[in-house]
Every structure is written in structure tokens, then in C-alpha cells.
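Look for subunit A in each of the two complexes below; its partner is subunit B in the first and subunit C in the second.
After this line comes the complex of A and B, so read on.
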């Protein structure tokens, strides 16, 4: 089976018509479903958080069968993810898309778990430490997208689990947990 | 001088008719009895044969298909009922019912991809994958038999011949001759173009696009605009061996 790095691509990826947006509604729905699953799977395993529609992206073309997705098709697949809450457009022109293979709520739960595992229930951390400090090594938080991290932290702030305070620059935003 | 018909003549004619009828009935009865006896002997021989070769019938698909052929000739259907001699002796009914269920499952699982039309050979391959743990081998003939039993359920399962290949249809789509010809054409490369259909089948362009549109609507074909030559290709998943992996859990 064909691979992208260490990622096993599904068989439909080698079938040319899946790279053309299908005109018949039912067939298109099945096609979109397959692509949605593929995009989420790929991003999860490769830790990809942002897809640029106009940029090179391994899933958007398959040199083996000489096919690539049109802009329209890319937008259709990502829009389907957006409508399910598994992705968000980062700009009005739909050029960049944030992929949420964990929903914001799930990320928030992961952060809570991380805090409890490390006994940080009422300590202070910088936002940067959460995604790149020593404690997060080997966890899903390591290297996670900052935008998503901030969104999850804000959600937790609303629930009263922590307080975000601002420093003088963007990198020293801090978090005081109070779980 | 001509004799006029009298009462005596009529009576004797009626009596003769009766005699003939009686004789005829007798002959017919003797014949049927003889035939019945022959058939009974044959059946009991067949049963004995089945008993003797029970294991061969179970394990060897070629032997099994020949046995079925023989049964059909004497009017015995080992699959007609799950009760009675045949089922108890061979367990053959269960074998085909199980196969039938697995075929339905595979057809349903691959339907999103192929629109409900699957190559018989591919179906067999998927069955093999699924039945890995079973000792008993399965042949195409077994699949055909299992599918013919499914037909009774009225669920629209049917085997259609397209060129040299056989396709199993699990959706109640009516395919006309035009569609079948296109399907046959597609078996070579897995796809066709409008040009190709017009050229190879000498059709007008309207006829070709019309038939292709129906096949698209039915989910049996998918379009592909991505080739370098810019011609739209109509792909037929049932003509390619690419299909989503069917879950091995069963």
C-alpha cells in the first residue's frame, strides 16, 4: 500500500474520480465523508493544525495517479469539516483552515488531565510552557497550535478553572490554574 | 342398403371406449409406478452417495458443485429446507445461509463505493479474507448458489453477466441493454469516455451521454476531470479492484 511518510493512505486515494468533486449528490456525500476522515486522520497522526488551501499539502495531490484536488474540491471538503465543528476558517477568504482533530472542549479536557497528572492544580505556567515545557513532553500538548491552545484555555477560564493574565509581550502570557 | 345407427351399435362403441380408457390408465399407472420406483432408488443412492462423501462435499468446492449439479438433475434441492435429511446430514443449508449473510454484509459495506454493483470475483476475494479462519473453501459457484437463495427474499440480489465477467447487483436498479454495453466496455480499463462509447458502440452522442448520466445518477459511475487530456472519464468502481477495506470482524 502507498504511504505518505509513515501514514498509510486509504485505497480510495489511488482512485482517480475521488479527486473530482462528484456531481451526483449521494455520491458526493460519500466522497466528502471519505475525505473528511482522511484529512482528520492525517492531521492527527502528523500533528498538523493548519491547512493552507493554496499551499502544497500532501493529501491534495497524488503524483502516482497524476491527480490533484481543485480549489473548489479542497474548499468543499474543509467546509464539510467546518460545518461539523472539526475545523474552522481562519480568514474570511477561506484560505487557511484550522483543523480540530480534537474539538476545543476535548483539548480543554486534555489540559485538565495534564494539570492533574503533574500536580499543577494551583500553580502558574506560561502559555508557552504548556506546549513546549518539560512537563508536556510525550503528551498531546507538546507542540500544539497556539491558537487552539488559547481557545481551550479561554474555555477553561470561562469555567473558572484558571485565570489568564497578560505580560508585556505575547510570549509571556501566563496561566494561573485553580482547579 | 345402409344400416341406420341403432341402440346396440352405440352401446358397443361406448363399451369399447371404456375398455380403451381402462387399458390406458393401467399402462400409465404401471409406467408412473416404475418411474417412481426408479426415482426412489436413485434418491436413496444419492443419499448414500452423499453420506459416503460427506466430507468431500463439505471441504471440496469442485466436488460440491458437481454434487449440486447431480442433485438438480434428479429434482433434489439440498438447500430447499434447513430441516430434514439433507440439512442434517450435510449441514449444507447452514453453510449457504452463512455465506448468504456474509455476501449481504460485504455488498452493504462496499455499496457506498461501488453503488451496489460488485464484481463476483472481487466479492469472492473479500469473502476469502473474511472467512480466513474457516477451513472450508468457497468457490464462485458457492457464491452463485448462495446469491440465488438470496433472490427469494426479494431483496433485489441478482447476478448479471457483463461480457465475460459476472457482476453481483444488490440494488434494485434496472439496467437496460445500453447500460450493460457500457459496463462491458468499462471492464477493460475501469473507465470509459463519451468519445470511446460513441466510437466503439457507434452510438450518437446523445445516446451515450444519456446512458452515462443514468449510471452516474445510480451511483454506479463516478466522473474524473483530472486527466491531462482534459477528457472527462467515467469510472466504474465495479470494474476496478479498488474498494474500501471490509472490516475483518465477523
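After this line comes the complex of A and C, so read on.
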């Protein structure tokens, strides 16, 4: 089995047409579906939150068969993810893409679960602690993208589950849970 | 229905008459009736509103194009059986009536047309031209062909003697001194040459006597080539145990002889308003052999080259070819013009099915090395025995049907069997 790091790539990764954007509609739809699944799968296992279109991305080329995705193809596959709400363009020029293998709502639920599991219902934490503190070790929150974390926290704030306040240092913010 | 005194002329699949060797068509008129004025025997057929073709040998009458479906023959009148052509009378009456040309035809005692032999009686036949067309031009050509008596010189074996060919050189027009008619290819060019010097200066004729000798030789050469071709065509049946090498050279020879040419190309001059219609029919007949060789589909450009080569000196424009092809829809011909999505136009048999081609392509792409590396248009071209451009069209069509998918890489444009529908998301890691 071919691997990218510790990620097991599927068999069809060695199928050269997989790397050429197919012009025929039905074929293309299936191809896009396969790419969407593979990108989300890869990002989840590798904890990748941002894909830069102009940077090297291991999944977008296969040295074994000497094929790589064109810029057009990369944009087509990521756009398909964006239209499903599983990704967001971070700039107008579509150069960077935020991958949401969990939707913001799902991330919010994970945070709530984390708070409950650790008995933090009424505690105060810094945002940084949520993604790198001792409590989050071994959970999906460990090392998660700060942009996504903030979006999930703001969603919870809107629902009245917590309050975000300015911390002591300028670059950190505190969270007061009130579940 | 009474007996038919006129010999029949066979029609080709597309409704063109089958000509005699060396017979050239000179003029075509549509909506023509042939009426016999004093047909006491009732043996003259009822010929109303058909296509009249004047050739160097015969008058051919073919039923109207719109009802030709299923009709495989027309009527013919050998020019040799015509004893007199009446000059048309100009009268006040004739201005309002359809133009008419009358001629006298000899019949034998049993009421059949006689070219040579005992003539028992003669009848007067009137050509009534109810369609468009220049009556005077037709009459002039009718006279010219009738007086030239090409059919007579034909039956005499052409002994290449300078003396006989130098006897009369004043006929001009379509005919050369020894009765050699218009031919394409080498002899066609020679004919043009001859016409030129005939018209420029008669005094030069003596200096060009060698030319006549060469021309009668040229005719022999064409006849020889034709004979050899016939022999080669019938050859493979009798001798099937030839080695492949011999067969190869034989095919080459056949190619050579096939391009000897179309003896009577349809021209604007002869067909007039019926030009495209007749051209279309001639093309339909011509296309058959190259089409079979190409496996049922042939590029329009290839046909353009082949057709013009066969026509020799009477070249047609690409526009005329396209018009001729698009007229096929209206005729009952077994071929059609097809336009691929890419804009490439081809001629194909109506019976040709993409399914057959797809089946061949499928076999090709499922071979072990094709599964690994795909196939290119030239790979397909070799297997299918067609031109690479044509093969690519087939591959693209197969792709659009979901049979294939593409791979564009620095190695080129290749096609693979389409596995996408079979990839299952659940066993991605099998």
C-alpha cells in the first residue's frame, strides 16, 4: 500500500486520469466526489486546516505515476468543497482554502463535549488553552486552527453558552463558559 | 403495357446512369418528355417528366429524381439509331409552347431500335422540354454528338497509324481526330493541349503529327490499364494462395489503376442547374470503394483529394463537395455526412455503427499494458486501421459516452478505460 507519510492512499490514486480534470459531466462528478472525500480524509488524519493552492501539497501530486493536479483542477475540487460548506476561501483570489472536515457547528459541539467531559462548565479558559492546554491532549481540539476555533466559540457565544473577553495580554482572549 | 422498343440503361445505387466505356455526358435537362408521334405499334414507352442526359453515345432518359426510389433503370436511345434531326421551326406558336426538338429514329420490323441492320420503318420522336434549360445549346450539342459518330470509331480497334489519325482533324470540340473522346488524367491533358493548337493555327498541325501518334498510344495505355485492373480485381478469387508480398504489390497496383479516373466527370458545363444534384450522385457512387477501405468512415478532406484526383482536370471546389454531400439526405443513398462535435466532417456508411468501433476500442483499452499506460490516438489508429485524426474523433466520442476518460500529462494526451463509475467510496482502501 502506497503511503503519504502515515496516510494510506486509495488504489485509484495511481490511476492517471484521476489527476486530469475530466470534461464529461458524469465522469467529472464522480471524480470530484472522490477528490472531496480524499481531501477531507487526508486533512482530518493529518490535521491540516489550510491548503495553499500555490504551495506544494502532498496529496495533489503522485510521483509514482508522475502526475499532479493542474491549478484549474485544484481550484475545481476545492470549490466543490466550498459549495458544500466543507471549506472556505480565505481570500478573494482563491489562493488559500480553509478546510472544515468538521463544520463550525460540529466543532462547537465538540467543544461543548470537551467542556462537559472535563467539568469545566463554569470555568474560565484562555483560547490558547483550549487548543494546546493539558486538558485537550488526545482530543480533536488539540492543535486545531485558531480561526476555526474562534468561529466555533463565537457561534457558542451567540447561543449564550459562553462569553469571550479580552485577556491580559493583547494577543490572547479568555472564555467564560456558562453551560 | 406494350413492349419497350428502347434499350434499358442501368442506374447505379445513387441513381446515376451506368455509362458505356468512354461515354461522356454532355448536357442534362430536367422535366423532359419523350413523345413518339406516329407510334402505330404502341411500342414506344410512356416517358413523362424525366431527366434527359445527352452523352457522346446515347440519349438517356431517367425517371424524375424525386421518384427514383426503387427504380433501377431508365431508357436509352443510341445516337446511332437516329437518322435525322429536324431543325426547329421558329414560329409564333413555338414561342408560347415548351421548346421541342424532333428527330427520326429507325426501328426494326419487330419494333426495336436499330443501330445497324435492316430498318423496316422509322418514327419521329419529339423531345419536349418543360423545365428550364437552353434549348438551342442542347440542340447544338445534340447535333455535334450525333455527327461525331464516336460509337463507330469505337468498335473499330484503334490501330495506331498516323495516316488514319491525320485524315480528319476538323471536328473540333469534344472530339479529337481519331475519335478519342474526353478523358481525364494524361489523355485529358493531352486533349486540352490538342484543342489549343487546333484553334490557334492550322498550319502548325503538321509539326504536331507526332502528338497524334502519342495520343492514340495514350488511349491504348488507358485501355491497357483498365484491362489490367479488371484482371487484378478478378484475380484474388482464382488464386488465393498468393504470398502476402505479392498481394501487397497487387494492392498497390490496384490503387494505381483505381486512380486512373472517372471517365465522365459531372461538370457545371454539362449539368447546368442540375450540377450539384448530379455531382452528389456521382460522388455517392465514387465514395463507396475508398469508404470500404477506410472501414466505413472517411474524412471529408481525404475524399476531396481522392475525388478531385479521379476527376483529373475537372476539379471541384470544397464548397461544391460540401453541397453535394449535404444533398445526400434527399436521395436514397447508403452513405451520409456526419459532423463530429469538434467540427470534423466525415462521410460514413449509414450502416456504420459507433457500437462496433466502441467494442474495438474497449478491447484495446482493457489490454494489460493499456490499463497501465492508456492509449494514444495513434495506438487506436493502428488497431482500427484508420487515420489518427479520425481515431481521435472516435476516442472523444467514446469518452463522451463515458466509456473512456482522459489523461493529460507531459507524456501527451492519452485515454484510459473509465473506471470512475466502478470506484466505490466504501472500499477506497481495498
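Just so it is clear, the second predicted complex is superposed on the first by the 175 of 179 C-alpha atoms of A that agree within 3 Å, B and C clash if a C-alpha of one lies under 4 Å from a C-alpha of the other, contacts with A are read in each partner's own complex, and residues count from 1 in each chain.
In this text, a residue touches a chain if its C-beta (ideal position, glycine included) is under 8 Å from a C-beta of that chain, and two chains touch if they have at least 3 such contacts.
Here the structure is a predicted model, which is why all the values come from computation and not from measurement.
*Asks:* Please tell me, clash or fit, for subunit B and subunit C sharing subunit A in the overlay.
*Replies:* Here the two partners, once superposed via subunit A, clash with each other.
*Asks:* Looking at A:122 after the superposition, I want to know if it touches subunit B, subunit C, both of them or none. Which is it: first, second, both, neither?
*Replies:* neither
*Asks:* Looking at the overlay, what does A:37 touch: subunit B (first), subunit C (second), both, or neither?
*Replies:* It touches subunit C, and subunit B stays clear.
*Asks:* Tell me the contact category for A:8 with respect to subunit B and subunit C: first, second, both or neither.
*Replies:* In the superposition, A:8 contacts subunit C only.
*Asks:* Looking at A:66 after the superposition, I want to know if it touches subunit B, subunit C, both of them or none. Which is it: first, second, both, neither?
*Replies:* both
*Asks:* Would you sort A:23 into first (subunit B), second (subunit C), both or neither based on which partner it touches?
*Replies:* The answer is both, since A:23 touches subunit B and subunit C.
*Asks:* Looking only at the overlay on chain A, choose which of 80-88, 260-268 or 386-394 in subunit C hits subunit B.
*Replies:* For subunit C, the listed stretch overlapping subunit B after superposition is 386-394.
*Asks:* Under the contact rule defined above, give the subunit A residues that sit at the interface with subunit B and also at the interface with subunit C.
*Replies:* 10-12, 15-17, 19-20, 22-24, 26-27, 30-31, 33-34, 66-67.
*Asks:* In the complex formed with subunit B, which residues of subunit A make contact?
*Replies:* 10-12, 14-20, 22-24, 26-27, 30-31, 33-34, 66-68
*Asks:* If we count contacts the way the header does, which residues on subunit B are in touch with subunit A in the complex?
*Replies:* 112-113, 115, 191, 216-217, 219, 222-228, 233, 235, 237, 240, 242-245
*Asks:* Given the complex with subunit C, which residues does subunit A contribute to the contact?
*Replies:* 1, 8, 10-12, 15-17, 19-20, 22-24, 26-27, 30-31, 33-34, 37-38, 66-67
*Asks:* Which of the residues in subunit C end up touching subunit A in this complex?
*Replies:* 374, 399-400, 402, 405-411, 414, 416, 418-421, 423, 425, 428-430
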